[in-house]
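Okay, got some structures for you below.
One chain, chain A, appears in both complexes that follow, with chain B as partner in the first and chain C in the second.
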Partner chain A sequence: MGGRLKISLLLAPAVLVIGTLFVGGLYAALVQSLGYFPAIGQTEMSLSAYREVFSSGNFIDSLILTIYIAVASTVISTTLAVLGALALRRSSGTVSAVVFQIPITIPHLVAAVGIALVVSQTGLGARLASAFGLVGEPSDFPALLYDKYSIGIILTYVWKEVPFVALVVLAGLRGVASELEEVAQTLGANAWQRFWHVIFPVIAPGVVAASLVVFAFTFGAFEVPYLLGQDYPTILPVTAYNEYRSIELSDRPAAMAINIIIAVITALFAAAYLRLSRGLGRG
Partner chain B sequence: MSASLEIKGLSHRYRKGDEAAVSDLSLDVEPGELVALLGPSGCGKTTALKVISGLLAPTSGDVLVDGASILGVPPEKREAAMVFQKPLLFPNMTVEENVGFGLRMRRVRREDSSRKVEDALRQVRMDGFAERKPGELSGGQQQRVALARALVTEPKLLLLDEPLSSLDANLREEMRELVKRLCREGGYTTVFVTHDQEEAVVLADRIALLFGGELQMHAEPEAFYDHPSSREVARFFGATNFIEGEAKNGSVETPLGRLRLESTAPPGRTTLTIRPEAVRLDESGENSFPAKVSSATYLGTQVHYELDANGVKLRAALPPHIRLEKGDEVIARLPAESLWALG
Partner chain C sequence: MGKKRHNIWLILAALVVAIPFIPLVLWAFAGEWRFPELLPTEFSLRGWEQIISGGNRVPEAVLNSLIIGVAATAASVAVGLPAGMAIGGYEFRFKGAVIFLILLPILVPPLASTMGIHLTFIRLGLSDTVFGVFLVHLIPTVPYTAIILTSVFADMTGEMEEAARSLGASPWQAFRHVTLPQAVPGIAVAALFAFLVSWSQYILTVLIGGGSVITLPMLLFSAASGSDPVITSVLAILFALPALVVLVVALRFLRGGGDESGMIGLGKPS
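And now, the complex of A and B:
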């Protein structure tokens, strides 16, 4: 009993903060998205903001772009992270610390600026490519920022999220996986068979969980696409921000509706992924 | 199927400058033979086993199977199945899938493999558990499945790394018999790593005793009791009687008097040893001397006595029908055929 009380007390501050900010914020957003906005004299609830959002081509373009960036960033980060972790699993802690832990400490905003300095048409990459004769002028360097494929955004996310996923995978690999791999090896399994039949099933739950976090983050994050993204279409969080900043207060319910939609989609993905990962765990 | 194994001058260092975990180990295992690599923890026995399996590369030396070096052969092609201290079953697979793993990796036809898996599970008395997941089995059951998983591949070499040490005492004895029977019936060339001398004696055809990475003695189990090569070896096998002396003309001058040996003792200073079970009490004749009982401990099937004879402490183990008390004066005799001079 004492243990349970202690756990409750220890969790209380976190629950309080999350409860107030997250649930409270979500509730406020929800009622505003339904049109309850006394500041402009609106107190009647309706779904008109949602109808408005869904009927605009703007929203659909935005949604597609957001899903594209989130999926691309997640798939590329996860793949590179698994490969990186496999390559570094037998190395010392110092190597993986340098390779993986340093990028984690850099804020996304700083990473975005760093990537911009390297890959913009006036950046380091363009000048080096020009100096080595790979492109004529630095301005011939392909546009990787503010471009329709959102390369700069995805690059930033990959640079930031690979280390995060890799550290999770590495923790799994350094556990029982290496012993299981030795067993498999003495039973005649080659490198690919060992990875596919033995290692992957062990690290899969971790990979799924980490990539889910990456997906949820890249789906809902604002600052990197805001800095490095094109003007149209913008990703959902940027669209919501623009609606929110609109001088027309009547646009506010639409902004909140988009936020609610982001939250619902992320939650749906999370639910689906968790189901899948539970299936993987059972094999 | 079963192959011969030969280890020549094998050394392994984990890192440059480290002390060798195994140094200059030479050993031969005949086809179908079960050799126990015995020694205290940290003596290099697991390292040696991993080198044989290919999971570690030796710093120097060679490993030969049927006369050909296998150092260039990757572990997965060595056909040297290993069973570890922990069962290490693949958690995502059923018992049946675990046992069939090696066969699937070798792309054995499904009909053949499912028959072999069934046989293997029956051999370890785990038929009926085929559909279970490892998490639903007890430790002993898991280890039996691990054994079946190795045996089903019909390996040239069977490498067992303390597979029984994580089991409790009753189960360990039962598994010991099972391992022994399966290795005999299957005729596997087996290297069995253990720190338990009783286990080594029960299981092995021959024992290789390692201390600090060095081979001390490689012989049949009885030899470790009757003719140990050194005081350390004798002690590891529970010998406690050591009598210092000077050998000349075929007998040894000791504080207990002149003792005759059936085996030969090299001239010069030597140490004699004798098993407590071989010491006779209340018997006069050759090699006998007066002694005083300094303690008697009743152990049910045996009584252990500590004797003091002219300053030499001796231990004797006798059947319980001879009852002596502390302080009794007796005549002790050390039969010539049971005395052994350590090198």
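And now, the complex of A and C:
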């Protein structure tokens, strides 16, 4: 059997499934975003849904909130992960593997519910604050759910994503970085010099790649903000979903246009991630 | 002294990981727990009894989640195994494009394509059916499986297979008796994670199942939006159980690898 034919046959099922359901679904979303709805007699294509979306304050608010949540979650997760990995790199690999793997495998919804029961105004945090005499009534405790700053959402993402980034950093630290660091130490470099000139350059590509994944995920994820987010503005996927569920069929193209915008942005991050991780493989 | 300091950081990390589970476990067994009590003043099994007695459609939801999860896992491994062999084991033209195509559904939210395909599913009679939900679960599960299996096959050198071939084994025999057994732990891990990814899906099921196909995360979601933390916590623990089982099994399979670096390839199912 020829090599090329064999490889094509091996790839065919996966390419077929992803091509039909994922690419096909995005194509259908694109066509609908252009206003093509034969079912309601709409066969003319136009960019009016995109014009409508970009000129609506609703979309802009939603976009800003989405970027804010994704940036905050990514920056906090990455910082904590690097610090955590540096602190934990000499501890037992097996134990830290278990500790880190728990948040990675636990579904986002469970994490969101658990965090909500900790930070709500009658949650564990408020009860502790009350035990220390800091608050009297539940309403004295700051509202961290359904709030303007999306604290509950960001906390859930940080809890879920720190271990993912930390595992990537730890792999880098346990490899070549520790040997180089010893050399630097023998040569008299202080702790900050060792971090900035030796460790950081080694772990940086992995850190950037992992934070791209976290950003793309928190930008496009639905469940956690749908459960813990405020009513307005909502993040882009929730806005798209609400438009889609609207009784007005004329809102459908706008919902699909938002979907396409989300897909384009996250696809750019996927492309950047791929470029970076292939560069890593070569190096 | 240094060792001790590192253990303190590890304990601190373990505590932070444990925090969300503390109220879940306490509420799941709470009878009465008024503000500002730090611990429940009464314990009860009310939530568990309600679930076991078939309240809240829990048995139906668990069964649906299991059926869809097992089916999506089987299909994902069947489809992802050959893809992983091809990408991990061979060099070919357009390999970068194929990897991009497979990576894309992991980072581009599957909700976008599912909303797009919904109309077609309605036309084909696939919406509001378990089969339709199974199909859209493949959008996230197939890529995860293919990518985990790619790293499994990329780590294999192929020397053993070559040796078997030079001793007269047919390509199929070499695959069946040499390559496949070597890949079994990796396949098991890929399967477990495919199951978890399907088990965790909420919005794809809501959209395509249209309320006719009830799964566990849907019950958890509506409980969490309500006002009974006892039922919410019981459902959350039930929903988290497979993840803990998967974790234990995955760790056993990966113990040969030594430290956590072997687990990075597991990705981050949502």
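In this text, the second predicted complex is superposed on the first by the 250 of 283 C-alpha atoms of A that agree within 3 Å, B and C clash if a C-alpha of one lies under 4 Å from a C-alpha of the other, contacts with A are read in each partner's own complex, and residues count from 1 in each chain.
Note that in this section a contact is a pair of C-beta atoms (placed from the backbone, for glycine too) under 8 Å apart; a residue touches a chain by one contact, two chains touch by 3 or more.
Only a predicted model underlies this, so the values are computations on that prediction, with no experimental measurement involved.
Asker: A:A267 in the overlay: touching chain B, chain C, both, or neither? Say first, second, both or neither.
Answerer: The answer is second: A:A267 touches chain C but not chain B.
Asker: If you tally the residues of chain A touched by each partner, is the higher count for chain B or for chain C?
Answerer: Of chain B and chain C, C contacts more residues of chain A.
Asker: Taking the superposition as given, does A:L180 touch the first partner, chain B, the second, chain C, both, or neither?
Answerer: After superposing on A, A:L180 lies in contact with chain B but is clear of chain C.
Asker: Quick check on the superposed pair: does A:L63 touch chain B, chain C, both, or neither? Answer first, second, both or neither.
Answerer: It touches nothing on chain B or chain C.
Asker: May I ask you to decide whether A:N190 touches chain B, chain C, both, or neither, giving the answer as first, second, both or neither?
Answerer: first
Asker: In the overlaid three-chain picture, which partner chain does A:I235 touch, first (chain B) or second (chain C), both, or neither?
Answerer: Neither partner.
Asker: Check the residue A:I203 against both partner chains and state whether it touches chain B (first), chain C (second), both, or neither.
Answerer: The answer is neither, since A:I203 touches no partner chain.
Asker: When the two structures are overlaid on chain A, which partner does A:I151 contact: first (chain B), second (chain C), both, or neither?
Answerer: Neither partner.
Asker: Looking at chain A, which of its residues have contacts with both chain B and chain C?
Answerer: None.
Asker: Can you list the chain A residues touching chain C in their complex?
Answerer: Those in contact with chain C are residues 1, 3-4, 7, 9-11, 13-15, 17-19, 21-30, 32, 39, 84, 87-88, 90-118, 122-124, 126-128, 130-131, 138, 159-161, 163-164, 167-168, 170-171, 174, 213, 216-217, 220-223, 226-227, 237, 240-241, 244, 255-256, 259-260, 262-263, 266-267, 269-271, 273-274, 278.
Asker: Would you mind writing out the residues of chain A in touch with chain B in their complex?
Answerer: Chain A reaches chain B through residues 176, 179-180, 182-190, 193, 197-198, 201-202, 281-283.
Asker: Mind pulling up the chain C residues that touch chain A in the complex?
Answerer: 2-3, 6-7, 9-10, 13-14, 16-17, 19-24, 27, 35-38, 78-80, 82-83, 85-87, 90, 92, 96, 98-117, 119-120, 135-136, 138-139, 142-143, 146, 171, 196, 199-200, 202-203, 217, 220-221, 224-225, 229, 232-233, 236, 239-240, 243-244, 246-247, 250-251, 255, 258-261, 263-264, 266, 268-270
Asker: How about chain B: which of its residues touch chain A in the complex?
Answerer: The contact residues of chain B facing chain A are 53-55, 75-82, 84, 86, 88, 90-93, 101-102, 105-106, 149-150, 153, 159.
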